[in-house]
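Common to both upcoming complexes is subunit A, partnered first by subunit B, then by subunit C.
Here is the complex of A and B:
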């Protein structure tokens, strides 16, 4: 069946070849900018990053193929290993407490009620604050005469040079990052909890299951998909984190907070060693992909959630 | 099981306390913004008069108003382009058969797992090749679309009611008219979410402008703020005021578009 409608201009058919052609033409037109964009700004750069990682390329010169040299050099580069260690520590130390705390807050917060509604809106404030502004505030909080030292002074601990002590600086970043992520994760987990079917909980309560049992046996398994999502964005976010280390410590003191993205940036744009920086980028990419896959494998298990 | 009234009161109080602690650093922002100098950061007092002085100082001198203007151009530019082009591409991928559709979708999904830091170096080289270093197009165009945006709109457009699109076609509307008059109004929630998230992302983008904008006249707020810290005539309180002012537009937008904000953040994490 073909419906033909007379129009000023070309005839439009709703099914049949003319219509299919019109749809293909409109589709191409609407998708063309995206095709050009992704080619120029993602496909070419990605291929370029892979290729550059096998070259020696300083901004002033031309790339020279050196095979696996960059990767071999990475293996013996103490700066790289330091950054890899700092990134791993920063990721684990900020991801675990922020998810555990977020879950502890989200479970009671997701219950209905007027007070909870207000609290849910307030929790969004830290999440919506720009990271740059947040970093400036925390650098004031961790200043010599800042709020952090005032607070530990209340419990009788003397002032600490948070951002300039090699053993403390990374933990200062971890505290800030945990706080920043907490608000975000509470929002996501609360939304996830509110989407769970309430009938299951009522049935469990009628069967006499206590709150701990309900949490472990029902809430956690049902929330698995949301938790997986939070875990993946938390890990990937922490591994790519650049701003806090750049603004609070510039990677110091003595490399104690030189996370991989900062090392990459300094190598590429400080020392203009583009080939070597690209090799670092590849290692970072492979690590992020591998960790994401592991998390999917472990948490997803058999279900197709 | 019916929770006792006492139990829920205790829980509510505890929860309010926890949220209050979470908001302490936000409040600290006000205290820092009204601090006189670096020795005055430890308390939680707020001096409104001094804060007012800082504000007029901040807006009275060259750098800050310029950074603010640049951030508005950058964030609005990216958010508008993103809505237009990712919106168009997402709709096409969901509703219109066209040659190369599978390839484009594969590229979009592949790009989802890449992040700017991974392609930072070659993206810089591409922009340099285009002659866009130290220009607004160099800051804006590389983020004018996103895999996330195209994917978001596509997912949303997959569930557009086909009868509605079809009846518009029967009424004689051309494909572009169907897109603009029928699909776009229905896609509004997805497009608003995208606008909000991209605006917020660019408002807070430090790394890319740091790499492509060397000229202070082009710096958006994140780069400008990072430099204020090191300027000798900038007191701690003034830096705090600058940070506070920077945080206001995102907070306002977030509250106005709260629904879309939560929708965007929870995308993919919440079973629908």
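Here is the complex of A and C:
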């Protein structure tokens, strides 16, 4: 027995324009929940923060319009500039080694094989751990009698006050966040590497190119878009980093780890200067946007395959 | 007869729902501030910071109050001390504060200025007026809880700073444990002798990174030199002066900022790494709790806070207070419950069981506390200094901590740190 399905012709039901209208209406209806969500939880708070940044609002009474006062205040605020400097250092120090290490691990792990599959799963474990739990684990590692001092003791270095020395504390946070995010970057880069066309590599090998040359001239250029994605999320993540500094050092010692989001939080919820905190948030946002645009400009144009 | 159309039915349903919602949002009218029969009733929520010893005392008090005044139910929430301010703030911002709460006296001005606190109700406290209530307390302590002439809290957990020292460490270093340093110059001298070659053991260790303790420590040094942190009217910062810079220089010259302990100087004192620390009455219980081998009078002791040689004594002090939210619908009951917590027999129990001093008039004679501690505090009381009273206390204390820590860690010279503090305060004040 043969089952025949007859599809109705366009002319038999509605006109082309009518159908497009019906599809548009259905599409709009389907998109409505997401649009409402976006409006309520993104657009409205964002617009509110922009407006607050031009006001004096102390979590009581009505915000008073102050124009550009909050932005002017930023220029002369030593706390803001210290935090901006710490954030810049933290971003560079955590993003560069994270990506370099992730790439170094991803290249061998992207090759097929059961062992590599297991290793890829293992490397993801830190990324899957909650950041608060990770911070607690690392506070134990960096304690006086912790693993960090035990390890450096093996090579004859005396114990270090990792979290209470103003020259070490930021690097302690960098080590922790690198460990935490490495797995995610490895997986993304591994996926990118596995998607590259094998023919190009075979041709290069036939032409006598060595592994270093292949990596520099073929792998990296083809991986540009994946690298761009990893770089953008790494930079934004580092610039927004709050939890490690909040839990491990509270911004100390002597402001050495007071990253901008922590300063913003203290300004908003410690000093109750919501208007000023919003201005700091806007500056942070603009800085992140500018950096993302630069990254897009530099790395855009590659093709992963 | 009007037909009940679908549109009308929907409109009626919408109206009913809206009125129900409005009623729910609006809630009932606040009860009269003072009930006609003067009997407290209602369900109170209370927030206070966690301390093992006081929580046990408070829980018993709460039960006995509820038993005595059957119409009242009290729900306590014990919040970690470093989280209480942020939790209260978010509760105020969300229009859902507890009825009453324990609050640092140093934050009263900031909250009162924003209209978050309810002034006291004398009748609920069993007195005819505010003046009569004030007369029941230590003047310094209770006046620190007022703002623009109105009283917003009653004091509890009053402390005047003193010097804690390790008798065992003094003996090891060949110092007489019965002769603690009396001046800051002697503290520096003793500290040299108490500091080990590797710097892992020190003499005096400051409580670093903590705004409240930084303020009290620097207050003693700066004011003892004749200077000030803020001007008398709290309108300008005055740390960048000879006195301020000298105080910061001294601050950076003793202790080892890089010694680590989760409890800062308190923890280092408990382990014996620090031989001296500036602290309050509560530490009498804290140190033996941190280290079971510490026995007051044997392995550690207290002394009056040192002063500069030939200088005026300065006794940094603080008090917590009980306060009531302006939005509370049960202010009378809340103040009535607070009054119960402040009774003299209760104050004695709090002092005995939790080393928590309620500065009622004649607190020096309250039974329960160590006589030596009370004697030292009583002698220092005339010099009690609560520090600058400003609505921007949090910003001031944070900026001062930045300055003190920067000098202690050798990041900035004292002159620069003092100038940065003044600059930060110029923006904040």
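The rule is simple: the second predicted complex is superposed on the first by the 264 of 305 C-alpha atoms of A that agree within 3 Å, B and C clash if a C-alpha of one lies under 4 Å from a C-alpha of the other, contacts with A are read in each partner's own complex, and residues count from 1 in each chain.
Heads up, the rule we're going with is that a contact is a pair of C-beta atoms (placed from the backbone, for glycine too) under 8 Å apart; a residue touches a chain by one contact, two chains touch by 3 or more.
Not measured: the values here are computed from a predicted model.
**Q** If we overlay the two complexes on their shared chain A, which of subunit B and subunit C does A:165 touch? Say first, second, both or neither.
**A** Once the two structures are laid over each other on A, A:165 reaches subunit C alone.
**Q** For A:269, select first, second, both or neither according to whether it touches subunit B, subunit C, the two together, or no partner.
**A** both
**Q** Of the partners subunit B and subunit C, which touch A:58 in the superposed model: first, second, both, neither?
**A** Second partner only, subunit C.
**Q** Mind telling me which of the two, subunit B or subunit C, contacts the most residues of subunit A?
**A** Per-residue touch count on subunit A favours B.
**Q** Have a look at where A:195 lands relative to subunit B and subunit C in the superposition and call it first, second, both or neither.
**A** After superposition on chain A, A:195 lies in contact with subunit B alone.
**Q** After superposition on the shared chain, which partner residues are touched by A:66: those of subunit B (first), subunit C (second), both, or neither?
**A** A:66: touches no partner chain.
**Q** Once the shared chain is lined up, is A:252 touching subunit B (first), subunit C (second), both, or neither of them?
**A** Second partner only.
**Q** Considering only touches as defined above, state whether A:76 meets subunit B (first), subunit C (second), both or neither.
**A** second
**Q** Do subunit B and subunit C land on any of the same subunit A residues, and which?
**A** After superposing on chain A, subunit A residues 143-144, 269 contact both subunit B and subunit C.
**Q** Subunit A touches which residues of subunit B in the complex?
**A** 1, 11-12, 14-16, 18-19, 22-23, 25-26, 28-29, 31-32, 35, 38-44, 85-86, 88-89, 91-93, 95-101, 104, 107-108, 111, 113-115, 117-126, 141-142, 144-145, 147, 150, 166, 169-176, 179, 200, 203-204, 206-207, 211, 221-222, 225-226, 229, 236, 239-240, 242-244, 246-247, 250-251, 254-255, 258, 261-262, 265-266, 268-272
**Q** For the complex, give me every residue of subunit A touching subunit B.
**A** 3, 5-7, 9, 12, 14, 19-20, 22-31, 33-35, 37-46, 48-49, 52, 105, 108-109, 113, 115-116, 119, 121-134, 136-141, 143-147, 149-150, 179, 182-184, 187-188, 191-192, 195, 205-206, 225-226, 228-230, 236, 240, 242-243, 246-247, 261, 264-265, 268-269, 274, 277-278, 281-282, 284-285, 288-289, 292, 305
**Q** Report the residues of subunit A in contact with subunit C in the complex, numbered from low to high.
**A** My answer: residues 58-61, 73, 76-79, 143-144, 161-166, 250, 252-256, 266, 269-272.
**Q** In their shared complex, at which residues does subunit C touch subunit A?
**A** Going by the criterion above, the answer is residues 85-86, 89-90, 92-93, 110, 114-116, 208-209, 257-260, 392, 394-395, 398-399, 402, 405-406, 408-409, 411, 420, 423-424, 427-428.
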